[in-house]
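One chain, chain A, links the two complexes that follow: it is found with chain B in the first and with chain C in the second.
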Partner chain A sequence: MKAVGARLPRYDGVAHVTGRTTYVDDVRVPGTLWTKALRSPVDHADITGLDLSKAEKMKGVQAVITWKDVPLLEYGHLSALGIPADEPLLAKENVRYKGQPIALVAAEDEETAQAAVEAIGLDLDEKPALFDVRKAFDADAPKVHDWGNWYPHFEGEMDRRQIRKGSIDEAFEQADLIVQGVYRPAAIEHVPIETQVCQVVPEADGRLTIYSCTQALYFSMGVVAAHLQLPLNKLKFVGGTVGGGFGGKVDTATETMCSLLALKSGRPVKWRWTREEEFLCSSTRAPWHMEIADAVTTDGWILGRKMLTLHDSGAYARFSPYGLTKHSFHHTGAYTIPHLEFDGYVVFTNRVPTTAMRGFGVTSVSFAAETHMSRIALELGLDPFEIRMKNANRKGDTSPNGIAYTDPSTIPTIQAVADELGHELSADYRTATSEPRTGEWLPEHLVGQLGDPEGH
Partner chain B sequence: MKLTVNGVQHTIGAAPLTPLLHVLREELGITSPKAGCQQGGCGSCTVLVGGAPRRACLLPIAALDGAEVTTVEGLGTAEALSPIQAAFHEHYAAQCGFCTSGMVIAAHGYLEGGGSSERESIQKALAGHVCRCTGYVKIIDAVEAAAGGEVVANQRWLPQPGEEAPVEIPGAPA
Partner chain C sequence: MAVHKGRGISAIEYPTGMNQNGDPSQAWIKMKPDGRVDVFSGTADIGNGSKTIQSQIVADTLGVPYDWVTYDNSNTDSSPVCTGTFASRATFVAGMAVKKAAESAKAKLLEIAGKELEIDAADLEVEDGMVTAKGAPQKSISVADVAVAATWTHGELITGTGAHMNPYAAIVDPETGRVDLPPHAAISYAACAAEVEVDDETGHVKVTRLVQCFDVGTAINPTLVEGQIEGGALQGLGLGVLENCYPYYPSVDHRGAQFGSYLAPGMDDLPQVDTLIIENPSAGGPYGAKGIGEMANNPQPPAIAAAVHDAIGVWVTELPITPERVLRALDAKQEPRREGKVVAFDEELSVNVLSDGGMTFEVPA
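So, the complex of A and B:
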């Protein structure tokens, strides 16, 4: 254990401070073509015409690709986990968000590539767009997705992520008070200082060398191989040096399209997004809509929680079904609530697809759950630290999805926060531990609800 | 036109409005300044022109005939880091590293100009440099340490010739 507790030098620190770290944009390959994308200028439309003839004839243009050039057009980010594909690599019949890629040009230089993109004829039949998840369920709402306005393929072909635990009716009957809240954290752009960037080199042996800024190298490799219908041994990924990701570089945003351009032109190809593209077209953290109603007692116990979550997925599913599943498992926060009724929907809107960002799916619900704890304390006139510790997870308590906690840390964490803030805890709470519930810490509503503190 | 970069004089044939950043990266192969936004907003392309920090993405090459440009490549080497480079390494001021070149060169210019170790003054000097990893605290720690003359024996962190990597870790329990 030489490393634990020691100040270790960063293995890449010296390279960073001397400017010698080679990011994808710093790779130099002679003869590299520059890439620009034709992206949807509107939020929602049918594509009625696409004319490449002028662009293809321009001097310096080496390859133009559309959906017709993609061997497997739709491959979902989580296809390998059984979540079906829904997003075409390049738009085919319609566009569902502003900035969706429709065609790409590889040309001798950036200016030529941009001029060729502007020379592509694009006819659109614009349709009404949906931006508010709360309106997605209305009969007259714009229809965003072939699947409907929310994801219908959870296990058992359920159209929601659902959790039922205990008896929610019983909890609400026994409650002294119902405390309600609505929580709506907004979308956040990751803003890595390195925008999305990729360099692909077609090698003489028929393989592709792909310099990628992905956060998930082997994952991206699988996505590219699937779209291209190539075996993995035809792809050599070079990665691991990421100029900031924060979740935004889990999506395979550039590698497949650059590979197609390299194969079609036979030349090395590079694509670096502008800052405008990064802001307007790259995926963001999702906006969430969360409604909580808790059945509480005047002395601060939470008997039951009803919760509705609408997770704004943007125009396609990507990782959202997975994010919502994590969200549902954490919807009681760090606290034990025995009676639960949770319904969560992955809702499609005409926004840019949303994705992972630091604590994917959980950050949103932590914000909601913690704010709600403080709201309960305020409504009951109780200490916000003590109401948290009262309901805090202990050994043997069970999570919303029925897993017994073996090493919960809620109580020591809250004690540490109280210490840092100089908040005086009463004696009972000062000496509380995470050990299994007994005595006053085991109220009637939790009897019979506990799991095995040694694990399940 | 002539341009001196890190003490080496170059003859530049680029069109007059070509940004200095493009000349450095694409013509001279000096890649430490980064194309983070190319509109003067992020600071990752910062270089010193005549000792003053400038955004290379906004500077047309025509305005720089005879100028002296310094990039991070012109500071210390891996074997002998400059004080500000050593301080950034020592204080973990670089995470993903993409903004680091701009930060380091701006901080170097600040120190060369007699900048103080006051944190407020350092913040002012680095205003407009965007970092999404660190939260800035460690960056300001590093500049503060360097401004205060802290000597960092960072070379100890590099495996020396004949020494097996990884080197012995200072402060590690036996």
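So, the complex of A and C:
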């Protein structure tokens, strides 16, 4: 019997639904200390005083850590992609968002740890905060980040991600209609059933065993090794079964700090975020601001797209430059548009840093581009299925950055949905395929624009 | 005061693998002395089903029954690198790694089987736990017997390693964004129709039906891929009409800190979901698979926004489309500015209005 293509039950499904799967929070290690965090109570401030003396002397407190305890305070998670480090593991001179961790306590129980956190003296000099990405570029905007209010380190030290193809001016000139719109999908929480959680055990052989809910064992191990300045043979990550991630558990939110507490106390340490922390202090999907102006013809061809994207990154860069680049590569959606002018900025604000989430970088532009397409269809009085199929990617059409599509399915997926709904397509569209453009499917503005349908 | 029905559609695409690639996965496989198979892979299973998918790929590639395969992704001492379970890459990239590891183990298996049968390994094939000579099925040996012979007769280990990485696509011109190689492992496609009912008194948007078609390349496991698509549909519905960390964005006030104050979709919100699957195989994926895990929540919000407009004649382009936003839009009845060939919607949200000149979005009149 072939396994590929078979409706086999989920490998670990029975264990999940009978409650027998061991998640990180199910790991029990005798002698474990519990962790609580001192987090910034304000959106933006300089730290002018931090007094640990009372907390450190409390009965049951075994370790308190601040930025001083981190061998490498700032580590660029995507340094391999040329994205430099900007975020301290624990706040040093300032805090840039409400909820930013400043100090952590490991104690015999959660109540003691929390009491010790509350005994830490914290002096702050509050500063004005920036929340609206549209105001970030103004001269009087509060300054969020050492790099300024937007990320300046794209290739060639450009301060934005650009896509240029064809001539947008020509497209606007030739257009019968220029349709503009503004699209703003919201920040949302990942809402995993399992909140961020970690258990670290210092082993007899000097290694650390790190029970982790990460979506990426080796990635997170690399992050911990970098901050702790340890070789990989000193660490063992245990995990691989995640109680809900959706992108939020790429963050390595707890593993490094728990490891530091375990090393400092010599004891097993656990940190389990409360639901409030998960909602308020964990990273979110980014809010996006997108403006589109499309040059269109009355018979429904999209000649050109000008687009501005402001990606609300929150207080630090994390994965946002990567997400914006992915966004830019896909800003034409499922369609072929020959003239493009895209400018995208990763904008810093005084909110919780945003991170990867299901559809990272593209969920936003799918909403913008497709809602815009629906508006264009209505403005032109065209069938919303057919205008999409007309402009749909076909074999040999090229992407915003010049790569030929080899196996597109925009046309058959639309045909299938139309069939299911009983929506009657006209004859040309009923029989349309993804094969390379010829005849009426190859309008003048796409002549000379096509690549090799085999992708060579 | 009435409930209005509407329908909207969308069509989307989404890349498989990390943007620009360069994201490796590795795996290794060993066979126990009775032919049972241990797979070691570093892929976290976040509910995407990678334990199942990778076990299926190994079973067919190595030619053993699915239930002979044990899958271990539990720790970094045993398992090699997997860049991670994100970017819709696990089925494709990590799936290729286990496939290559299984091909490598199969070569060793057939080498031992060849010695036992005194037939050149190139003339053998293996399926469902039996090694047979091509064109002479009476000449055969079970995989279990080959494993016994490998261990106790030949003193060898049947094992294999595999790694897969699509090469990194560099941006060779930052002015234009041009790249030197395909920046994706594959691209998947989907179309979606949303049907809604909008109450013009309360502003409530009820999504009643989602019809969705996804090109999945090859459905390694149809049940799991349907699960991804239908779970994604509910998450997309949340994006469309329910969820928001900052209800008065960009203000940070009124953040919900509990399930009671942050509206994630529940089973009550689940509409009729009709799932259609197209298999348009990828060139480079395991058995032609593409990755669709993430895009599953992308097509619903724009289809819902268009359906709401179809129902009540107003556009809400700030998500989610909450009752408050619906009622405000009905009150405002905002029309686009029409001037020359320009039709400009949503100008009140633009940087041109909100920025003090620091950022503009200029379009010719």
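Remarks
Keep in mind that, in the parts below, the second predicted complex is superposed on the first by the 454 of 456 C-alpha atoms of A that agree within 3 Å, B and C clash if a C-alpha of one lies under 4 Å from a C-alpha of the other, contacts with A are read in each partner's own complex, and residues count from 1 in each chain.
In the analysis below, a residue touches a chain if its C-beta (ideal position, glycine included) is under 8 Å from a C-beta of that chain, and two chains touch if they have at least 3 such contacts.
All of these numbers come straight from a predicted model, not from anything done at the bench.
Shared-chain residue A:74: touches no atom of chain B or chain C.
In the superposition on chain A, A:7 contacts both chain B and chain C.
In the superposed pair of complexes, A:328 makes contact with chain C only, with no contact to chain B. When the two structures are aligned on the shared chain, A:15 is found in touch with chain B, with no touch to chain C.
Of the two partner chains placed by superposition, only chain B is touched by A:195; chain C is not. Look at A:272: by the touch rule set out above, it reaches chain B but stays clear of chain C. When the two complexes are superposed, the chain touching more residues of chain A, out of chain B and chain C, is C. When the two structures are aligned on the shared chain, A:159 is found in touch with neither chain B nor chain C.
Once the two complexes are overlaid on the shared chain, A:244 sits against chain B and chain C alike.
With the contact threshold set out at the top, residues 1-10, 12, 191, 242, 244-246, 275 of chain A are in contact with chain B in one structure and with chain C in the other.
The touching residues of chain B, counted against chain A in their complex, run 29, 31-32, 34-39, 41-42, 44, 71-73, 75-78, 81, 85-86, 88-89, 92, 94, 96-101, 104, 130-133, 154, 157-158, 169-173. Per the touch definition, chain A reaches chain B in the complex via residues 1-10, 12-23, 25-26, 28, 190-195, 242-246, 272, 274-275.
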